[in-house]
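Chain lettering (A, B, C and D) follows the sequence in which the chains are written, and residue indices restart at 1 in each chain.
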Amino acid sequence: MNKGRLEAFSDGVIAIIITIMVLEMKVPAGPENHDVGALHDLWAVFLSYALSYVYLGIYWNNHHHMLHATRQISGGVLWANLHLLFWLSLVPFVTGWMGESHFAPQPMAMYGAVMLMAAMAYWILLNSILRVEGPDSLLARAVGDDWKAKLSPLLYVVAIGAAFVKPAIAGALYLLVALIWVIPDRRIERVLADGHARAATESAKHQ
Amino acid sequence: MNKGRLEAFSDGVIAIIITIMVLEMKVPAGPENHDVGALHDLWAVFLSYALSYVYLGIYWNNHHHMLHATRQISGGVLWANLHLLFWLSLVPFVTGWMGESHFAPQPMAMYGAVMLMAAMAYWILLNSILRVEGPDSLLARAVGDDWKAKLSPLLYVVAIGAAFVKPAIAGALYLLVALIWVIPDRRIERVLADGHARAATESAKHQ
Amino acid sequence: MNKGRLEAFSDGVIAIIITIMVLEMKVPAGPENHDVGALHDLWAVFLSYALSYVYLGIYWNNHHHMLHATRQISGGVLWANLHLLFWLSLVPFVTGWMGESHFAPQPMAMYGAVMLMAAMAYWILLNSILRVEGPDSLLARAVGDDWKAKLSPLLYVVAIGAAFVKPAIAGALYLLVALIWVIPDRRIERVLADGHARAATESAKHQ
Amino acid sequence: MNKGRLEAFSDGVIAIIITIMVLEMKVPAGPENHDVGALHDLWAVFLSYALSYVYLGIYWNNHHHMLHATRQISGGVLWANLHLLFWLSLVPFVTGWMGESHFAPQPMAMYGAVMLMAAMAYWILLNSILRVEGPDSLLARAVGDDWKAKLSPLLYVVAIGAAFVKPAIAGALYLLVALIWVIPDRRIERVLADGHARAATESAKHQ
């Protein structure tokens, strides 16, 4: 089974999610809609959009890297991937709700819950690919001890609780997780580069 | 005629259908929109969305497998594929109606009707491909006696009738069909694997 | 310049146009929204949708065939293609207006106007490709005397006029054009097949 | 890292942005919605849509050319590309606002601001690619002194200021920038063609 169509489908879904999210930014209506003051109500929606855009960018980048290092796909991987896309598809809804409520406690907690489910779905997808690839695969070595993937769910859980006490803390934690991940995942790139280099060395030895 | 663009177009349409379906989940409006109670009205919409997401995932997976085992495409196949996508494109509408009416009889029946048409369109597509591929093709052997494809329309018809008596029965039947199909279609994978193995054996014999 | 990205982009835009068109079919609102009677107002929207779906399917199929027989792309072709997609992108708007007004004269005429512009844009695209390919190219021979492409704009013009007298005549003409085109364009396929056969014969002669 | 998925993802996002922009053209509602007079209010929305469509077409074309001349992609390039798509994703919002306010000062200025950010994001993307490709790369030579890319931001800044004095001046400037760019960027094509020709000559010399 080839991975090309899985990549194309995932790209399509993530591209659409990112783009329809902006539909939550409604054009100010009414006679005073040509006033910049009309934008005032939109700042929270804009901030929410920017945050979710970064999150979806991170997922796309990591998905890209993960599948680049993948050689085989199974039926289970297809479903694990659809499961991840399901939670990501709920991001526009929670983003819009968070923004329009001006960061009220419940929407803030709900945002964290969807992000937590997406993080767990990503972890399931990674492991279903590793089960096909085997423990000695390039990807298995590339992932190593994935401290980011272990820390993020913990921070989401803390943020969900904090949202009911002080929503700003939850917001700060979501920002923190985004920053942790925005630093591009050079591990897979590095191990891939090492793998290519080693393969070149070994093939040189045998000649 | 190459199948690549047919796959890409179908992936695009299914990706968009899946993603715009979530637009039916409207952000709670009004001053009390930061209340989790505001989500109460959304549970039926969410359940409907999750069910339809699984259905569209099944169609995507099976479409993926079917075209993987396909070598030739005709003009008739292009139209049969567009016909399938037409019925799938109505899924967001019936899903939203079913959810917003809290599973009322008529929307429940309408959901089954669209699913029945989609199932028949898939059967037409499969047969228009088989007509090009021939009875001895890999795909023809892979499909075999397709009991799932025979049972599903029957269950849809029963569900459409049951919706007017007790909508919950229709809902249970839709769930049952989804469960039957979620078990990935390993038949095509197996026959393909057998086909490759046999080809390898025969080419070995001739050397 | 390679044609792959042009095909992919066009597929994407047409896939999205087809799919967002269904968003015009709004879920019946209000307490009586679980009544099939609520669907009564939607029949015109549904009919409009089905007609436009067939039109977009025709455009996708013909676009597919045309580019399959194309070997070179220029900067002018990119813009001619974007011009075609511009008019196609207006189809959801006129479709929705036609349906929601229950086939009133002005929307019926406007539908024909957009279809006329799209047909002319397709003709411009074809000719900008032919200018690159040359008069002896496979595509030039495949197109031949394109009576469908010559008849359609004429029928659109008649329909636009007829819409103000009797909208049903315009509707019948739109249906007629769709039927003329739905018969797949086997000419390009045939000429391509002939071309391959002749090339095979000639290469056999030279051996 | 391969550039194919970057191209596909960018194509997807731009295709969706272009297509959802037309959703701002709302079907005229009410009993008089079958009147062409109902379209009167839409002319500004239509003009805004046509202008933004051309802008997005320019971005797609230039993005296409730029990546065609690119051989290597880094993690930084992925993020620079996402950054460009972020600003482009805001185009439907400012386009809708500009049109619905009938070209009021503030929306006109806001349109220029988003365009300015997109132009700067494109410049950052180009330079992050050039950093990977090196100063002697085909792309570096193809870009040369990019007077269009230097003039456009200047015109946007003037337009933003002019919008508050006389919005029509801002509109004329946006049109001017579009016209400057619509002339296809033949420089990259020419340098690529030269590069191929020179490579052919040199390989002929060495034989």
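The rule is simple: a residue touches a chain if its C-beta (ideal position, glycine included) is under 8 Å from a C-beta of that chain, and two chains touch if they have at least 3 such contacts.
Everything numeric in this text was worked out from a predicted model, so none of it was measured.
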Shared interface partners, meaning chains that touch chain A and chain B: none
Interface residue identity across copies chain A, chain D - same or different by half: different
Rounded Å distance between chain B and chain D, as computed from the means of their C-alpha atoms: 37
Averaged-CA centre spacing for the pair chain D and chain C, given as whole angstrom: 26
Shared-contact residues (touching 2 or more other chains) in chain D: 8, 12, 16, 20, 23
Touch-based graph of the chains, sorted into line, ring, star, complete or other: ring
Chain-to-chain touches, reported pairwise for every pair that qualifies: A-B, A-D, B-C, C-D
Touching residues (chain side chain C, partner chain D) in the complex: 1-2, 5, 8-9, 12-13, 16-17, 20, 23-24, 75-76, 78-79, 82, 85-86, 89-90, 92-93, 96-97, 100-102, 104-107, 110
Chain A to chain D touching residues, read off their complex: 7-8, 11-12, 14-16, 18-20, 22-23, 25, 27-29, 33-36, 39, 50, 53, 57, 60-61, 64, 68, 182, 184-186, 189
